[in-house]
Each structure stands twice: as structure tokens, then as C-alpha cells.
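Below you'll find the structures, each written out as C-alpha cells.
First subunit A sits with subunit B, and in the next complex the same chain sits with subunit C.
== the complex of A and B ==
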């Protein structure tokens, strides 16, 4: 069938940001299929210039309400690399606990509030409150537990205050950590198991679509890499984080205000599915069992399965958090002061696996400890070329469906990547009736 | 528990979107007995404060069809908050969606007010516009009077000394 198809979905968000899906097909030939998302952190690089090393993480944590912890941790590591600040094992363990909490929080929100409504063919989470209130309450309970991990370790959940370059200004108490562990054991783990069951019941609604691509994530010999590691490509090779520019190879495209990225192919994918494909052997045993239950197998090429990988990670991060707390308590908590005496001034590069994928920060400091150049490469920007490539394969495969069905499949695809769209402004819009 | 919990919402890196945070910082300086929370832009995180607080004020930049700097206090049950959940991403979720969720889940505090400040300049800058900067002490005074003297917040009434407050429109009350 020589089909004509025009899809133009405009999702206008608050200010600069927008995510638009555009598809044009003429006489059965696909002319265009792409997503346009404005990439917010670009604006913040200018704002970092001239700032002192103690301010950088505070600013970057404000880039995004959902990814604030990931930006903050990456910023701290970048500053420490640039200024030669060593941090203690205790600091690293506490930060790993924070990263696990942030991964749980973000993955849960995405799975329950964006993906589950899709799988149930609901327009949003609201209708599900009437039909599946216990599930919605479970999601909020898990989010709260993850927030409490952040609160206890970092002072507050949204924009953490105690993590600073060189360490923490306050260390959680033994009792706080014991209580937190107890809650993860009695509340978090059972909820993670229930989440796997919920996802299993919905698994049939996940579209069957495959496109093999290059998967890029951090990797680490000793653990499922979230906090640190080397860059790993599923097409082969590991690279030091300092060589990130040779991997991200950002380039400008005509249809998007945001840069795209590519490494060995036309596009690559970052995020939970990339982490799964590259590092599944380092997940906890029960997380791997959960993956089997959900039909997630190593080298999965279905981008819609990113949500399933996120759910697996939640199970992993709950167990990992317990292990980290036990290690902290076993070592004995020490009242350390942050190490903030620079041993050098120069360029620092760091990467963290934040929920949406690998995040790079790159700062150069002058000898007064002020930033003269900054670069942030965020996961959503790295995924854009891959989303486009998925769309270009997907549209011809589903072209015989109705236009609303095709649109829905495309929106679901975009949502599966859990993109970060103009995340930084949340102005309330209110209408008052004309008198 | 404090008499009142005040949550400022917004992003100080985006101009007037940061007014809620600026109010929290100004209230902190008064040292009055109230719980102050910097809510950032994680709107769903607000739900965690809703259920177990008695009296809660949320200060946020709000497009209300007024002049920049206009201050307006209202009960969200009595205004049409525009929901925008049909997004590709959770990054579009804001106070309106969080409030709706809390309502449906029966998680609202005993009393909830929103103090909206009409934004003027919303772009990447860490300064408030003059009109919105001038609105900060007006909001602070409203909250101080509530905490210190038990004066009710002036819901849907013009606010004294707020030159931007035009009140051309009335709140649409749901039937």
C-alpha cells in the first residue's frame, strides 16, 4: 500500500523545552521520522563560568528536579578530579547509597507514572487511582523510601546540601542508617518484588520491536556500575572517562536544537537497557531472577524493554543499598571533614550512570578555583539519534495500523527512553473565570 | 509540629520561576516558628508533605493572567489548575498534577493554600525581575501575620500594597 502519513505531535512544555514527534510518509516512502527535544543543560554551562568550586554542584543540582542528585554527584566528582581532591572510602560509600536511592526513585516514577498507564492504555496515572489505588500508593511509598535515603544521607531529598567537594558536611548517625536499613528490608524489598509482579502482569502490552544498536554505559569489574567506572561499548572496548569526547562525538542536526551523538554506528543508546546489556552479570542474583521472570534476556534489542530494565534495577538497588549500609556500619562511621584543599587547578572530567544513562561533566578551573570552561553531556541528548533511528525502522513496520495507533506507538517509544524535557521550570498555570 | 508549613516551589536558575525559593529564604531570616521547605521542581515530592501536615502554604510562580509581581492567595480546590499530564516525560509534572493526585488519593492536608506570584521574566538567569522581587516581602508579610497574629490569608481578595494586583478576574468555583 502506498501510504501517506503525517504525524506532528507537539508537546509544548513550560518555557524553552518541547518534545515534538514528526513523521512524514509519501507514497509509502518515509521522508521524515524524528523527535525534537531542547536540551536544557546547555544553558547552564555559561552559568557555571566564573563560579567557585564550592558553588558548581549547587548550581548543577538545580538543572533538574528529577535528576538533581545525579548532576550533583557528577559535578562533585568532576571538581574533585580537576582540583586533585581525594575522598575517603566512607564518602564513596555514602555517595553510592545516594545514587542507589536516586535510581530507585527515578525508575519507579517512570515505570509507574509513565509506562504503566501506556501498558494499560490509560491517558495518565489519574484513571488508575480508581481502578488500581494500591498500585499507585505502592509507587508513592517507594518514592518516599527513596527520598528518605536521600534525606538521611544528604540532608534533604530535593537539592541535597551535605554532599560537598571532598566529602560530606554531616555524616548520618548509626541509628539513622540502622532504621533506614530496616525499612528497606521490611518495606522496600517486598515492594520491589510486587513491582516485578505488576510488570509481569503487563508484559504482554510491551510492543514487540527490535533494532540492534550500540549500547554505551559505564562498566566496573567489581560492581554493577552506577557511581563510577570506565566507558563501555557493546560494540567492543572500554575507554577511560577522560576520553568521553571520542565516544559522544556530538554533532548538529538540522531538525533539532539539541545536538545528537554517535560513536561506532549512526546512533547509540544509553540508560537502563544499555546498562543491562553491558553489565547484567553484575546484578544481584534476585535481580537477575526477576529479569528472567520478566523475559528480559541479555542483549535485548527492544527499546520498549528499557522500562523492564528499570524495574530490575530497582530490585538490585534495594539490595545494594542494604549491603552498603551494612558495610558502612561494619567499618564504623567516622566524623570526617570534607577535604577541600586543592592540590592542583586544571581540567576534570567525570561520569555517573544517572537513571536516564551516562552523564558527563567536564570543567576547567583557573588557579583561583573558578570555572573557566564547562561542558555537560546529558543522557537524553545522547539518545536522540537513537530514538530517530528507532522511529525510522518502526514506522514502516507498523504502517498498516491506524494513525492514532501509530502515534501512540511512537509516543510510547519516546516515553520508554524516559527523556528529560525542559525539566527546570514548573510554573503553575491557573485560570480564573472572567467576572 | 509548627503552626504552619511553607513550601517554596521553583527553580532559582530560571528567573522568576525561583520566587517560591526566594520567599523561603526570606522567611528563614524572620526566625519565626514555621517549617520551611525548599521544594525545588520535584512536584511529586510535595505529596510527601501533604498527608501529614495540618496547615500548608505553597508559594509558586503562577500564570494567573495578572501583571508581573501580582500576588494572589487561593485554595486550589477553588481554581482551575491547568493539568498537563499528557507529556512525553515526567518533567512536565508540576504542582497542578501533584495536587490532583493528592486529591484523588485523599492525601490533602487539613488546610492548603497556594500563594501565586505572577512571573515576569522566565529564562536562564539567577535574578528575579524587579516586579517579582518587590512581591517577595508582600508574601512574607502575609505569612508572618498568619503565624504571629493568626490573621487569615486573604484568599481571593486584593492584597494591600501590592501594586501589581489588578484583580480583573474572579476565581472559578467548581460546581
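== the complex of A and C ==
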């Protein structure tokens, strides 16, 4: 059939930030299918110029409200690498607890508030308060628990306060951590199991679509890599984080204020599905059981399954959080002063698996401890070329559906990536010539 | 009739909007008192007019200017939410560098591809009726304003320093411990949340009206900052409002 099709979704809803979906087909030939990023640029790297190492994480946290913890932790690790600041085991454990909490909070927000309405044909989560109140209350309870981890360990869930270069300005008390652990055991774990059941009941609404692509994430020998690790490609090979530029290869495209990225293929994917594909053997046993219940098998090439991978990670992160708290309590909490005395000045590079995928920060400091060059590579930016490639394969496959159905499939596809568009435009590379 | 409420985001991190979804314990009660008609981050529906509109983010492009005029025409009450909307926030840091250099630093040879203006608060373009300060906006502060508006009362404003609330909380003064704290000149309303957990105030709520800038700069240089570093610290969230 020689079909003509024009789709223009202006400011797609239920995603973070501003993007448009553009599709043009003429006489059955697809001329255009892409996600047009129209978020105003924010020039964050330029703002970092001349800023003190104590201010870098305060500034980069403001790149994104949803990923503020991820940016902050990555920024702190980058500064510590550049200035040779050692941090304690206790600091690393507390940060890992924060990363697990942030993953739970963000994955729950996406799965329940942004994605589930699609599966139930609802325009938002709000009508579900009347029809599925127990599910909405469970989602709110899980979000509250995850945010309480952040509040207790970092002072505040959005733009955390206490994590600073070299450590924490305040550490949680033994009682706070004991109480937190109790709640994760009695509320968090059962809710995570229920969430898997809810997702299973909705699984038929997840579109069947596959496109083989490259998956990139961190990987770690001893754990499901979130806080730390080496770069891993599903096409083979691990690389040190310091070599990230050889993997991300960013480039500017006409239709996006955020740069795109590619490695060996035309595009690659990062995020929960990439982590699952690369690291599923290191998930906790119950998380792997949950995956089996939900029919997620490695290698999974269906991007819509990213939401399912997020739900599995929630179960994993609940268990991990319990283990981390037990280790912290077993070691005994110590009041520590942040180590902020630089032993060198230079370049530092670090990466963290934030909820939407692998995040890189890269700063160079002068010998006054002020930033002279900064570069950050954001998960959503890395995914954009892959979203476009998916659309270009998907549209011809569903072309016989009605225009609203095609539009709905495309919106669901974009949402499945859980894009964080504000993030993606804030961060582009920069070299300062005058310092 | 419940008031029709809408949320819009301009240039910012959407953390203030996220903070509203973080009212897990109060969200359902809040929603019971209003008719939420537009909130792109969470719902598909839209509306033509609103009783109360919350706006997050700064004005940074010609398209933003057009959009905020359009929203102002269609709403009875407009509330600026968070530092970016109230006083330009962290976005305004780009204003203190030559804009051409900023563009080139980020986009290189493609520097003119995307339009940009100096970052401005919402009040630089249209009339703003109320504000919730902070980065992110503080939840208790938002709740107070929300309740006041729904009940038709006047929301609270703060024109005294964070130090006042910090003393009331009986925190140990961070300035006396040698830290670089902006509490003496920053507007209160946050319950001194940062000094309360050992982190110095960074001025995210903007400065009090009659701030003594010279005295503050003197304190900062006494704590070991250079004059340049002290100025930059004051500008972190306040580069639009404060010429230093």
C-alpha cells in the first residue's frame, strides 16, 4: 500500500522535558521519523568555568531534578579523581545506598506514573486513583520509601545536601538506618513483589517489537554495577571509564538541541534494559525470579521491555539496600570529616549507572582548584539516535494501523526509554581556551 | 467550583514539579481540593484557561517569551515556582559571561543553530502574583501557599534572613566553624534545612531586600575566599538579581 502519513506530536506528555515526534511518509516511503528535541539549551559546562571544586556538584545537580542524585554522585567522584581525594569505605557504602534508593524512586515514578497509564489506556495516573486506588497507594508508598532513603542519607531527595567532595557533612544515625531497614523489609520487599504481579497482569499491553542494537552499561565483577565499574558493550569488550570518548562519539544533529551518540553501529542503547542484557547474572536471585515471571530473557531486543527491566531492578535494589545497611551497621557508624585537601590538580573522569543509563562527567582543574574544562555525557542523549533508529524500523511495521494507533505506539516507545530531556540538553562538551 | 490548576515548565530541571509528585502522603488530599487540568510531565490532557497556574523554570528563548505571555492571558493567578522562575536561579550564571563565548563553548561551529536569550525570571516578562522560592522549592513553603490560595487567603512572604530560622532551630553557626555560609543575607522560609545538616547556605532563595552586600563580601573574604571567589559565590543562584 502506498501510504501517506504525517505525525507531529508537539511536546510529548508524560516525559521529562520538551520533545516532539515527527514522522513523514510519502507514497509508502518513510522520509522522516525522529524525536525532535526542543528543550531550550542551558549551557551548563560554560557555567562551570572558573567554579571551585566545592561548587561543581551543587551546580551539576541542578542539571536535572529527577536525576539530581546521579549527577551529584558522578560529579563528586569526578572531582575526587581529579584532585586525588580518597574517600572512606563508609562514604562509598552510603553513596551506594543513595544510588539504590534513587534507582527505586526513579524506576517507580516511570513505571507507575508515566508508563502504566499507557497500558491501561488512561491519559494519566490521576484517573487511576478512582479505579485502582490500591495500586496508586502502593506506588506512592514505594516512592515515599525511596525518597526517605534519600532524605535520611543525603538531607533531601531533590538536590541532595550532605554529599560533598571527600564525604558527607552529616551521616545518618544508627537508629535512622535501623528504622529504614525495617521499613524496606516490611514494606519495600512485599511492595516490590506486588509490583511484579501488577506488571505481569499488564504485560499483554507491551508491544511486540524487536531491533537488534548495541547495549552499553557499566559492569563490575562483584556486583550489579550501579555505583562503579568498567564500560561494557553487548557487542563485546570492556573498556576503562577513562576511554569513554571512544565509546560515546557525540555529534550535533539538525533536529535536536541535545547531541547524539554512536559507538560501532549507527546507535546504541543505555538504561535498565542495557544493564539487564549486560549484567543479569549479578542480580539477586529474587530479581532473576521476577524476570522469569515477567518473561524477560537475555538478550532482549524489545525497547518497550525497558519498563519491565526497571521493575526488576526495583526488587534488586530493595534487597541490595538491606545488605548495605547491614554492612554499615555491622562496621559501626563513624563520624568522619570530609577529606577536602587536594593531593593533585588535573583531569578526572567518572561514570555512574543512573536510572536512565550510564552517565559520564569529566572535569579538568587548575592549581587553584577551579574548573577549566568540563564535559558531561548524558544517558538520554546517548539514547536519542537509538530512539530514531527504532522509529524508522517500527513505522513501516505498523503502517497499516490507524494514525492514532501509530502515534500511540510511537509515544509509548519514547516513554519506554524514560527520557530525561532537560538533562540531555544541558550537557555538551566544552574546552575553555583562556584559562 | 474547585479551582482549575495547571503546571507549566520553562528552562529548568523540573525538580520543583518532581517535588510536587513527592508529596506522597499529601498528594491525594491536595488533588481533592482542585481540578488539575494541565500538567504535561504527568498527564495528557490540556485546557484553555486556568484559575491558578504554577510556572517553573526561567525564560531563556524567544519561544519562552511568547509562551509565557500566552499563559498569562489565560490564567487568573500566576505563581512562580522555584529559584529559576522567581529570580533566574542557576541559569543566570550564563548571563555573566559574554553570550557568544558561552554559545561557542558548548556548540562550537554550530553556535548560532539554537536561539538563546539571557536567562530571566518570569517576572521580567509578565506580572507574577505569588512566588515559592528555593532550589528546589521547599515543600512546606509550597503547601502553605497552596492552602492559602485554595482558601482565598494571602500567602506568607519572607523578608528576613536564613540566620533567623537557623538560630530558632538551635543549629551551631557554620560561620563560626569557619564555613562559607550565605545565611546572613539569604531569604528565609526553608527552615534552614542546609545548615541543619552541616552544609552552608548557598543563597538559593535569593537575597533579602536590604542586604548589606559589602559586609557579606567582607565575611566571605575573612573566611579565606578571594574577592573574585566571594563574588562568584554570591552569584551562584543570584546572578540575575545581584550585580557584584
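Note that in this section the second predicted complex is superposed on the first by the 411 of 435 C-alpha atoms of A that agree within 3 Å, B and C clash if a C-alpha of one lies under 4 Å from a C-alpha of the other, contacts with A are read in each partner's own complex, and residues count from 1 in each chain.
In this section, a residue touches a chain if its C-beta (ideal position, glycine included) is under 8 Å from a C-beta of that chain, and two chains touch if they have at least 3 such contacts.
Computed from a predicted model, the values in this text were never measured in an experiment.
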With the two structures laid over each other on chain A, which partner does A:52 touch: subunit B (first), subunit C (second), both, or neither?
-> second
Which partner does A:126 reach: the first (subunit B), the second (subunit C), both, or neither?
-> both
Please work out whether A:19 is in contact with subunit B alone, subunit C alone, both, or neither, and reply first, second, both or neither.
-> first
Of the partners subunit B and subunit C, which touch A:238 in the superposed model: first, second, both, neither?
-> neither
Scan A:156 for contacts with subunit B and subunit C and give back first, second, both or neither.
-> both
Should A:109 be classified as contacting the first partner (subunit B), the second (subunit C), both, or neither?
-> both
Partner chain(s) touched by A:419 [first = subunit B, second = subunit C, both, neither] = first
Set of subunit A residues, in rising order, touched by both subunit B and subunit C = 11, 13-17, 43, 46-47, 59, 62-66, 68, 109, 113-114, 123-126, 129, 136, 140, 143-144, 147, 156-159, 422, 428-432
For the subunit C and subunit A complex, residues of the former touching the latter | 10-19, 21-22, 24-25, 27-28, 31, 36, 39-45, 60-61, 63-64, 89-91, 93-94, 97, 101-103, 105-108, 110, 113-114, 116, 135-136, 193-194, 197-199, 202, 229, 232-233, 236
Spell out the residues on subunit A that touch subunit B in their complex, using ranges where they run on.
-> 11, 13-17, 19, 43-44, 46-47, 59, 62-66, 68, 109-110, 113-114, 123-126, 129-130, 133, 136-137, 140, 143-144, 147, 156-159, 411, 414-415, 418-435
Sites on subunit A touched by subunit C in the complex | 11, 13-17, 39-43, 45-47, 49-52, 55, 58-59, 62-66, 68, 109, 113-114, 123-126, 129, 136, 140-141, 143-144, 147, 155-159, 161-162, 164, 169-170, 252, 254, 257, 422, 428-432
List of subunit B residues in touch with subunit A within their complex = 9-14, 17, 38-45, 47-48, 60-65, 74, 79-82, 84-96, 100-101, 104-105, 114, 116, 119, 122-124, 126, 168-172
